[in-house]
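First chain written, first letter: the chains are A, B, C and D, and each begins at residue 1.
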Amino acid sequence: MEIKELMQELSALKGVSNASMIRDNVVKLDIDKNSSKEFFTKLRDDFGFEHCSLITAIDNQPEFELVYHFTSVNKSVTVGSTDMSVMMEAHVFLERDTPTIESISDLWGGANWHEREAFDLMGIYFVGHPDLRRVLLPEGFAGHPLRKDYVYEIHEEEW
Amino acid sequence: MTLFDACRIMAEWTVKVLIPVFEFQEGLFPPFSNPAGWVADWLATEGGLDTMAWFYAVNIAFMIGMTNLILVIHLERKVAARIQDRRGPMLSFRSLRELGEDLSGQAPSWKFKKNYSGIGILQNLADGIKAITKELIVPAKADKFLFTMGPIIFISSSVFLLALFPLSDRFAASSAPAGLMVIMAAFSIAPIGVLTSGWASNNKYSMIGGMRSAAQLMSYEIPLLLSMAGVFLLAGSFDPVVIVEQQQASTWFFGLPMWNFIPQFIGFAVFMICILAEVERVPFDLPEAEAELVEGWTTEYSGIRYMLFLAAEYIRGFAGAAVATILFLGGWAGPWPVPPEIWFLLKVYLILLFWIFIRWSVPRIRTDQILVLGWKKLLPLSLINLLIVIFMVEIYPYFTEIVNLPEVF
Amino acid sequence: MSSKKVRGNPGLRRGVGSKTTDLDEIMEDPPAGDWLTLRSDQLLEWIDNAVYNVAETTGMREVVNRVTRPIFNYGQRFSPHPLHFGIMCCAIEMGQASAPDHDIDRLGLVYRSSPRQCDVLIVNGPVCEKLRPKLKTLYEQMPEPKWVIAMGECAISGGPYWDSYSVVAGADTFIPVDVYIPGCPVRPEALMHGFLTLQKKIREKEPGMFLRR
Amino acid sequence: MAEMWISMGPQHPMTHGLWTLKVKVDGETITDADPELGYLHRSVEKMGERRKYFMNTTLTDRLCYASSTTWTHNYVLTVEELMNVEVPERAKYIRTIMLELQRLASHLMWAGAYMPDLGHITGALYFWRDRELFLNLLEVPSGSRLLYNYIRIGGVKRDLPDGFVEKTERVFKLFEKRLDEYADLFENSKIFRMRTEDVGNFTAAQAQNLGITGPNMRGCGTKFDLRKNDPYEIYEEIDWAIQTREAGPGYSDCFSRYMVRIDEMKESIRIIRDCFKKMPKGPTLASAIPVRAQGEAFRRTEDSRGEALMYVVGDGTDRPYRWKIKSPMFTTISACPHYLKGYKLADIPAIMGSIDICIGETDK
């Protein structure tokens, strides 16, 4: 499948908007929060994105933004005649009061700890995650430090 | 003159000095309930003299063993360093001057470069002294009695080995008719100590290390003893002196002595592998496999207990090499100008050097693999070796009588 | 008596006055009710106390210490066995120091994996909040006498992570540090110099180890 | 023996860093595993939000202690994309040379750390002896042994000094000779093969799904290397090939992962030699480098351990609004129950060593 076709087919899916190509091999799009799981299942099964590269949580004040990066390792999607592997960047926006989204750790095993990390540092709740614990910070740590409203004590002056 | 005769003469001299001392002590106190007089009487008898002589002999053996221990550890560290393109410990004798300064209260001098430009044999001394000063920790949940007993069993059974093997036919603390059997018996006490200390530490690593050690040592006892059985069969004795004499007596081409490693090459190979496993060195050092079990069954031991564990392991290595020398390499036999004791030690050190090379050039093998090797490969091989020896000793001579075959063996 | 208690006397080790001058406290008999259940370790402790006190009052301790201290000190300073424990960048340099180019084994260093068999704890990186209790445990598991080397800026003060929410501002906030080696990362040569400095410190500062108390 | 949990770490010779592996063993067989991270969480991402763009190279250098240049490079590449900075041609070549030298040093670090896991301390010291050669090489242009801070936004700090090419060539000649020697000591050694072959297997499909990338994935025979598949710097113009190995059809074991890295070292030497041949003359730092940035950008590079990805969001000020680091080891460690189950306790070091753990990048 050519990357242009991929973009067209993806943008026809439910809940997808603003599909664009930000580089030769990267498709960027926004997804509606409610249809995200459906979209991701299709993405894995039908379009051959076997690898979940990264899940980033951003505190956009007030809402949260989740950025998913997926990679097609086996090159079922091609970029012309080059050897490039295609990436997909999906943005999901969550409200500050209810930062919940369906977990994709059953689709990609590698997403498991990315979701745990997003929960740990940003406080995003992933529904259906098998083991949503803190991963980097000790148990009993108060707050989610990567949020912009997290205050902590710095014991020296800033230069 | 044997070592025992020399010790006997020394004992006679000592007794001459000791008896008046005891009698003087007896005179100080009322004669009843004072054992000094009885001791004096007993020392004058043959039994007392013999006991005294034994005391000396064992002490000499112990001192020789301990000197060798320091040399072996030093050899290990230095040879390992050379294999690894390093220099190894370099603590020089000049560092003793610092000790002198401290003792005499002079102002300290700082010459680091000179302290570290020697051969490094004092490093073992420093390690030993430090181990004495360290705190002895007993973990709170450990079984205190067994935690203390484990090292005692392991170390005493290892040090016991030193008294058992002869350096030559004239230089033996003990030359029992069943000498090698006693040595092997002493060798096989150690797993109990290992298992005890591993279990008593209340530490999972220690316990797994102890279990591994027990499994490994037990499974390697059998091929080890079977490979030794060939030698015993050939010599018709357990006595080291007889075994070495037999090896000297049987000749090969040009009248060269046929040491046992030539006819029983399979047995020699099996024995070398098994004894390597028995003294727990790489590639068979699973019980203290550092990568997964931290320090194995010695994990919870600190200070001098740990140092003695380490020392006892080297003593076992030394004793294992000595047994291999007696059984297969002709013991103390060698050309004349060099005394037999030196020949014996040379052969032992050759084997130790070989082990050190192995230790620093191969990886460690796995638990299941070591057991597979022991039971499936070494056991049949040792049995084959035994069959060959039985053929040599019993069947071939029988046929030579009937059909006049040439006498080869 | 719980054996988890650190046996050595830290006051004595640091050369800060001795707590053991009080006669009654030392020579106190085991409690009367315990006579029947007297255990050997209690007895040994009692004997220890008694002998120590006698040696202290008669001045014997000074005499024996005068002789034993240099000998014990010799062993202690020439045979520092560090813990095989790496935190961050400096741990790589610690490993590189034992490589043939620098060969820290010349100084008699042997890395031991079990804290029970170590003398020196090298803190070679930032100590995070999650690690702090574990590091403290490691320090407490080591037998006396023991020393700590803070290797690199992170272990000295937090270093580049001074404004982090999870990095502790230096290892000396929770364990006593003997030698600081600056550098980010510390070069192997600097680590060697740190060990020689520790040697110097042991020779000058370490009191003797007369009797286990 | 009953089942029990054994906790390894944070201080354990197996861990190569600060993490805890809890394994459930039945006798000596592993039935379950639970890795735990966070002992080295320094909050680099949060600290990065307080620092200016060019200051953050200090932090990225310290992300992975075994392979610091690759991470700085990844960050710099991302920020350059965000700021639209054009890097001079010569700087690209120098960057590639530094990256490959760093990859060699990192793989040697790994190989050195892997050998004691198998009980082979001499191997460790041999590899570390050779790593010293490459550290010296890296020290020549950058002035530091471990953390170089050499790659800057817009190029590199300074040009390569005179004689660098000849020095590098001398080192390569020595190192290639030694690698051939080591083949007898390691990959042709019976015991080494016994310990590493058919241990810690996972298939290519498993690796892709679980997020295992880099040499570990190429050990399964998957031809995927971001230097080729998402080219950056001048990897397109250089003559080189992706190195893959496989233990069987589509799966890897410790030995194939070991061999991939050895092959990659040889390939890195080839890349650097080619770079020296094709390197043009010119400036090494872009003339105008902006301070502020707006928008978002991400780049992925082939780190020594796998796919490294950084995602930077700028809000128009001189400091990043959000800076996210993707560490390849993070997901690889998370997958460890999958490739530990069923093996022996003694295999844990052999398996965990073979995937090349670096906790500095993992815990961030």
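We take it that a residue touches a chain if its C-beta (ideal position, glycine included) is under 8 Å from a C-beta of that chain, and two chains touch if they have at least 3 such contacts.
Predicted, not measured: the structure shown is a model, and the values here were computed from it.
Student: Which chains, if any, touch subunit B and subunit D both?
Tutor: Per touch definition, common to subunit B and subunit D: C.
Student: Of all the other chains, whose mean CA position lies farthest from subunit D?
Tutor: Chain centre farthest from subunit D's centre: B.
Student: Would you mind checking which pair of chains has the most C-beta pairs in contact?
Tutor: After counting contacts between each pair of chains, the winner is B-C.
Student: In angstrom, rounded to a whole number, how far apart do the mean CA points of subunit A and subunit D lie?
Tutor: Measuring from centre to centre gives 24 Å for this pair.
Student: Can you give the whole-Å distance between the Cα centres of subunit C and subunit D?
Tutor: 36
Student: Centroid from C-alpha atoms only, then distance subunit A to subunit C, rounded to Å. What do you get?
Tutor: About 49 Å, centre to centre.
Student: Where the centres are mean C-alpha positions, what is the separation of subunit A from subunit B, in Å?
Tutor: So the centroids are 64 Å from each other.
Student: Hey, what residues on subunit C touch two or more of the other chains?
Tutor: Within subunit C, residues 100, 113, 130, 163, 165-166 contact more than one other chain.
Student: Which residues belonging to subunit B are in contact with no fewer than two other chains?
Tutor: Only 84-86, 290, 294 qualify.
Student: At least two other chains touched by the same residue of subunit A: list those residues.
Tutor: 137-138, 145, 158
Student: Testing understanding: with touching defined as stated, what is the shape of the graph linking the protein chains, line, ring, star, complete or other?
Tutor: Topology of touching chains reads as other, fitting no named class.
Student: Chain pairs that touch, all of them, please.
Tutor: So the chains that touch one another pair up as A-C, A-D, B-C, B-D, C-D.
Student: Which of the residues in subunit C end up touching subunit B in this complex?
Tutor: On the subunit C side, the touching residues are 2-4, 6-8, 41, 67, 69-76, 78-79, 100, 103, 105-108, 112-114, 116-117, 119, 141, 143-145, 196, 199-200, 203-204, 209, 212.
Student: Hey, which residues of subunit A end up touching subunit C in the complex?
Tutor: Contact set of subunit A toward subunit C: 137-138, 141, 145, 150, 152, 154-156, 158.
Student: Given the complex with subunit A, which residues does subunit D contribute to the contact?
Tutor: Listed in rising order, the residues are 37-38, 41, 43, 45-46, 50, 205-206, 208-213, 217, 222, 224, 226, 228-231, 298, 300, 307, 309, 311, 313, 321-322, 324, 326, 330-331, 333-335, 338, 363-364.
Student: Considering the complex alone, what residue numbers of subunit B touch subunit D?
Tutor: 80, 83-86, 204-205, 208, 211, 282-283, 285-286, 289-292, 294, 360-369
Student: Under the touch definition given earlier, write down the residues of subunit A that touch subunit D in their complex.
Tutor: Checking each residue of subunit A against subunit D gives 25, 50-54, 56, 58-59, 67, 69, 71, 73-75, 83-85, 87, 89, 108-114, 117, 121, 134-138, 145-146, 158.
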